[in-house]
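Input: one structure, supplied below.
Naming follows writing order (A, B, C and D), and every chain is counted from residue 1.
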Amino acid sequence: MAGNTIGKMLRLTSFGESHGSMIGGVLDGFPSGLNIDIQKIQDALNRRSPGQSTFGSPRKEPDVIEVVSGIYDNMSTGAPIAFLIKNVNQKSSDYDHLKDVYRPSHAAFTYDKKYSNTDHRGGGRSSARETAVRVAAGAFCQQLLALYNISIMGYVSQIGTVSLNMSYNNLDLNSVDNYSLRCPDAETNRQMELYLDEIKAESDSSGGIVSCVISGLPAGVGEPVYDRFQSVLGAAMLSINAVKGFDYGMGFQSASMKGSEHNDAFERRDGMISPASNNAGGLLGGITTGEDIYFRVAFKPVSSIGKMQQTVDKEGNPAELVIGGRHDVCIVPRAVPVVEAMAALTAADLMIMAGMIHTNI
Amino acid sequence: MAGNTIGKMLRLTSFGESHGSMIGGVLDGFPSGLNIDIQKIQDALNRRSPGQSTFGSPRKEPDVIEVVSGIYDNMSTGAPIAFLIKNVNQKSSDYDHLKDVYRPSHAAFTYDKKYSNTDHRGGGRSSARETAVRVAAGAFCQQLLALYNISIMGYVSQIGTVSLNMSYNNLDLNSVDNYSLRCPDAETNRQMELYLDEIKAESDSSGGIVSCVISGLPAGVGEPVYDRFQSVLGAAMLSINAVKGFDYGMGFQSASMKGSEHNDAFERRDGMISPASNNAGGLLGGITTGEDIYFRVAFKPVSSIGKMQQTVDKEGNPAELVIGGRHDVCIVPRAVPVVEAMAALTAADLMIMAGMIHTNI
Amino acid sequence: MAGNTIGKMLRLTSFGESHGSMIGGVLDGFPSGLNIDIQKIQDALNRRSPGQSTFGSPRKEPDVIEVVSGIYDNMSTGAPIAFLIKNVNQKSSDYDHLKDVYRPSHAAFTYDKKYSNTDHRGGGRSSARETAVRVAAGAFCQQLLALYNISIMGYVSQIGTVSLNMSYNNLDLNSVDNYSLRCPDAETNRQMELYLDEIKAESDSSGGIVSCVISGLPAGVGEPVYDRFQSVLGAAMLSINAVKGFDYGMGFQSASMKGSEHNDAFERRDGMISPASNNAGGLLGGITTGEDIYFRVAFKPVSSIGKMQQTVDKEGNPAELVIGGRHDVCIVPRAVPVVEAMAALTAADLMIMAGMIHTNI
Amino acid sequence: MAGNTIGKMLRLTSFGESHGSMIGGVLDGFPSGLNIDIQKIQDALNRRSPGQSTFGSPRKEPDVIEVVSGIYDNMSTGAPIAFLIKNVNQKSSDYDHLKDVYRPSHAAFTYDKKYSNTDHRGGGRSSARETAVRVAAGAFCQQLLALYNISIMGYVSQIGTVSLNMSYNNLDLNSVDNYSLRCPDAETNRQMELYLDEIKAESDSSGGIVSCVISGLPAGVGEPVYDRFQSVLGAAMLSINAVKGFDYGMGFQSASMKGSEHNDAFERRDGMISPASNNAGGLLGGITTGEDIYFRVAFKPVSSIGKMQQTVDKEGNPAELVIGGRHDVCIVPRAVPVVEAMAALTAADLMIMAGMIHTNI
């Protein structure tokens, strides 16, 4: 029970189902005195919205944010920031034909197992629509982190079998939104488009990977031994719909490395001692080193596909299923702002835990 | 601050530094009335101890558990279970030559950044010795879970460049301890030994992967949207020393899959509706399906290597470093019981959260 | 930071300022499958509303609840229950003359000390208007507890110097709302009215005491040693605006008693062993005995009075102050549903903690 | 479940039963770099020990503290501070005759209701012996608070029918330990002694009140709306064995006051705006004003008395009971350091929450 709050000192509580009247969130513990640019929050929501590319869902979800608590005179008050996002374009009738059949790999099955009454329409609480709440909350945190020169930039590094084989150091992460699939390398982005054209033609869907970099975090953030930075960050990422894996630094690749290859020697740089390389991904012992934190988040292909599938209905009788509605071929590009938002929530919470962000700005 | 407790309804608080007088833990929220076999707790600790193979550290750490609270007449009372493990074989002098130099990729650097006073000997609080506390606590949970026919079995699936390419369904996970490196396939285990012979000859270290399976969990466990099963499990794994990545089900591989490949259709089986395949790894929407949960945990190579390294001392002057002492070539086999323990803590906590384990047994 | 959530397994997060667009709450961890009668929630809000007697504020606050999450087909879904209450009758201009002066014993002073930006109108976040959120959330819990035959009944036992000297056993607690000041003894209620007539004539305000009884809780609820029932209950009561004290059972009176007077012998009754008397107030060692829990909550007089007061302005210059606006002479009768609501939240949360309320009804 | 931890950013986890091998605690979140004087911790434990006066239990409990984690070179490291206190003088046989009978108002009854297996000897986990853990942890916090010039001083203000009718402002709180019953007024202390002589002669016990003052807290501490200072403080006090009530400032007395009497006007003093009087007890809206926080804690008479009592055995058969053993006539003087300790834990935790105590000293 009671799993709808994330964070310790800065806490997001999320509510709303995909086909209820609205979704929303309460962000508690946000410092007072910060000028808030609501338009930037709205911009973040727009980045997540469907209908941005030919591979996303053609649904229109305007996702207009209304802030109802915690801001006065365009400035945070220290009171909980609460915001609402109305559901305005839900077609519940799209789901009528799905009411009595279990869609393969859809959470409606486990929700039925866990809860004696659920709103089946559009996934209810399990819908990825809930991620809009995260994006809004994360956008507040990004404004807070910006004061400390901390930035968070995500991008698409893999879609299906097409992957980007370049370090983020060689990419212009500020240009991500210039690419249709948020892969900031023109050729790879083009290959991904071609791949998704095929997937779309098959009425199928594709998985992918979002990579992300947190820059500017000071050394000393993260709380051993259980609230290590990577634990809190990993939990945040794994709470996103469709996420199947998380790694940071050299990640899974480090399993095949030798200590002598993986170790980052220390050096004196600009009068300070710092790691000379950053295989560690900015974290040692669960605490930030002051170097960039970089990590990857793996997404499975969305389960709702147009292709015909065999499954059973709720009585257990075999059923054939073709899911209509307006679904994404690949949600990975739209997941970029969600990953960034969860990273911002994590970084801000752990900065506060470490005493590095104060009650008043 | 205050990051030394993990869990919500069943909580482990850990304490102790590697070269203090002892380490220990407090496990709070454990149901009353369970017969506890202390020998099994001791056996679990023995599995983690160094000195078991030629690739582990030759240190002897007897790790004798003493339970001082929460058990009466060999049965849990509902009071917090507290236990102590004395540190009896620490050679603090081994660390004298390391006091003034930053070891590449060692957490002593970040601990110095975060805390104004630290016990540098043997890593202090950052030492993997702390994982003995987790193993003991997890062993209590495994006895609890066994009542519900839930079992947790880990094994080594990769060491360095040698990996096991078989599904766990084709392995005998009960035989893991018969293999020197806990890889339950004779030929792969042999290849791993050969690989580690080379690494050892180079005075280097190797990373690897532990895979793990949780069987027997009923459907309905996990608390959306933030305390999804995989979030809580992933955070627990990422809190283990040297862990760089976590995935479950098809994990990172799912990023390159199509929905039609990845989806698990439902079927009627033994009168119940269940997924016919298990690409999902036993979880949909963060809630258990009733199928096995399987996951991987990636470990970097340990940073303490005998090979000469360039780094700087605490004043920033260049220094050459050869780490003596008694270190592991590869900690991955010894990490198997640690991974199992963290999985047991997670499963028991979430079972209680879901109302499926009761206050009294 | 982040103090706007209460509860562990059943958690209320509250938001909104008195002169913002709305207030509201998110109740997370509420079991699924419970039929919810929204009219009863509304009725509870109406009981708290001002304008009910000549001694309350003449403000009209219709306090209409709108539930936006967690209910589907009039039944709880297990998703967080979120609700909104619009602020429709705020006269912000009433507060203009208070903007630059510190009102004696008003929290505007400490909010200014703590937060660098606050909404001064009507008390902002410190306003007792926030208690409407508690009443709504508590009313959901009362519907849940009713299933387990647990009832919560509060009443006014003291206003100013007039106190009710009868045990609750001799009162008809179901008739509380028949009395103008919620004191269920006609003569005492009459004396209280006369007392408040005087206070009102003096443009002053009065304190008082709310007493409350929780009946029907089974034995075994409460989590030693820190989350004793009375700790969690007391914290909930002390979080209500204007509360200055809490006691239960014989409370402060027990300090002057002897053990032989205070002790409750055990007896066999209806085949069960139970305390023969209930000086303990239903709790031993922080755990329910199965007898009634009764407790008292002391309220100070509201600080906003019409009488002229000496104080200083925000520059520290002496100032005379006459507070206009529409304030309560005595909020104690209106506090009865607030006390009941916080008791309901506490009882439901601790029932869940004890494994006695399940995930699904 | 899991109620043995208190605090949010600074957390005490307590363990041990009265007749097990030891009790102990883990204090997590304590800043690093503080010089710790262990003798002062021991002194605090000695103040709580029985055998100090003729009215306390004649048991000898040496209560020697052993710190096993978190201190290095006499300085805190930021790692959890763990400490052990051995049980060396328990006479378990004293409790044999109590095993099968329910002692009136003793928690053995509710523990039996809640837990299927308990250690009945000496109260097990419900024993007031557990408060030694609180005293030790609080003594660490008092050393921390002293750095910020915050002091906490408790005293006995009532025993049975004898009460001290003076404001703390007119008492020398530093001299408390010079008085046999910790009531710092010679005449009242003498009256209390006479009263307890009578009670002792009757083989009975007496309740009482501890009053306490926290001085030096800056304005701005406390986290509305639920983690108000008084909520957290009250919960801490109500978690102490035998406590039946808590109030602060004018407390229950404020219920009979008028607003014009109770209100504290503001004034300019030493260049700062502060309340001119302190009826509020140092708190407005749950946040400190910078003035003293003063509060009272009511204790019931201990239930274990030598006088013959009627009750039933565990089968429900009537039984006569005379409790032998070595019990306190009045625990209130010994409760003074316990109240101070819980106040210190609360103040330190909320100072950290408010960002006013830092990670490193």
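Criterion: a residue touches a chain if its C-beta (ideal position, glycine included) is under 8 Å from a C-beta of that chain, and two chains touch if they have at least 3 such contacts.
If you're wondering where the values come from, they're calculated on a predicted model, not measured in any experiment.
Q: State the pair with the higher C-beta contact count; candidates are C-D and B-D.
A: Of C-D and B-D, it is C-D that has more C-beta pairs in contact.
Q: Most remote chain relative to chain A, going by C-alpha centroids?
A: Chain D.
Q: Suppose each chain is reduced to the average of its Cα coordinates; what separation in Å results between chain B and chain D?
A: 39
Q: Between chain A and chain D, what is the gap in Å from one C-alpha centre to the other?
A: 46
Q: If you average the CA atoms of chain C and of chain D, how many Å lie between those two points?
A: For chain C versus chain D, the centre distance works out to 26 Å.
Q: Got the chain A residues that touch at least 2 other chains?
A: 1-5, 8-9, 14, 114, 125, 220, 353-355, 359
Q: Can you list the residues on chain B that touch chain D in the complex?
A: Going through chain B, the ones touching chain D are 1-5, 7-11, 13-17, 20-24, 26, 28-29, 31-33, 68-70, 72-73, 75-82, 84, 114-119, 124-125, 352, 359-361.
Q: Given the complex with chain D, which residues does chain A contribute to the contact?
A: 8-9, 220, 353-355, 358-359
Q: State the interface residues of chain B toward chain A in the complex, per the touch definition above.
A: So the residues of chain B in touch with chain A come to 1-6, 14, 102, 104-107, 109-111, 113-114, 125-126, 130, 158, 160-161, 163, 199, 202, 204-209, 219-220, 222-228, 230-232, 234-239, 241, 243-252, 254-268, 271-273, 275, 279-281, 283-290, 296, 298-305, 307, 309-312, 314, 316-317, 353-355.
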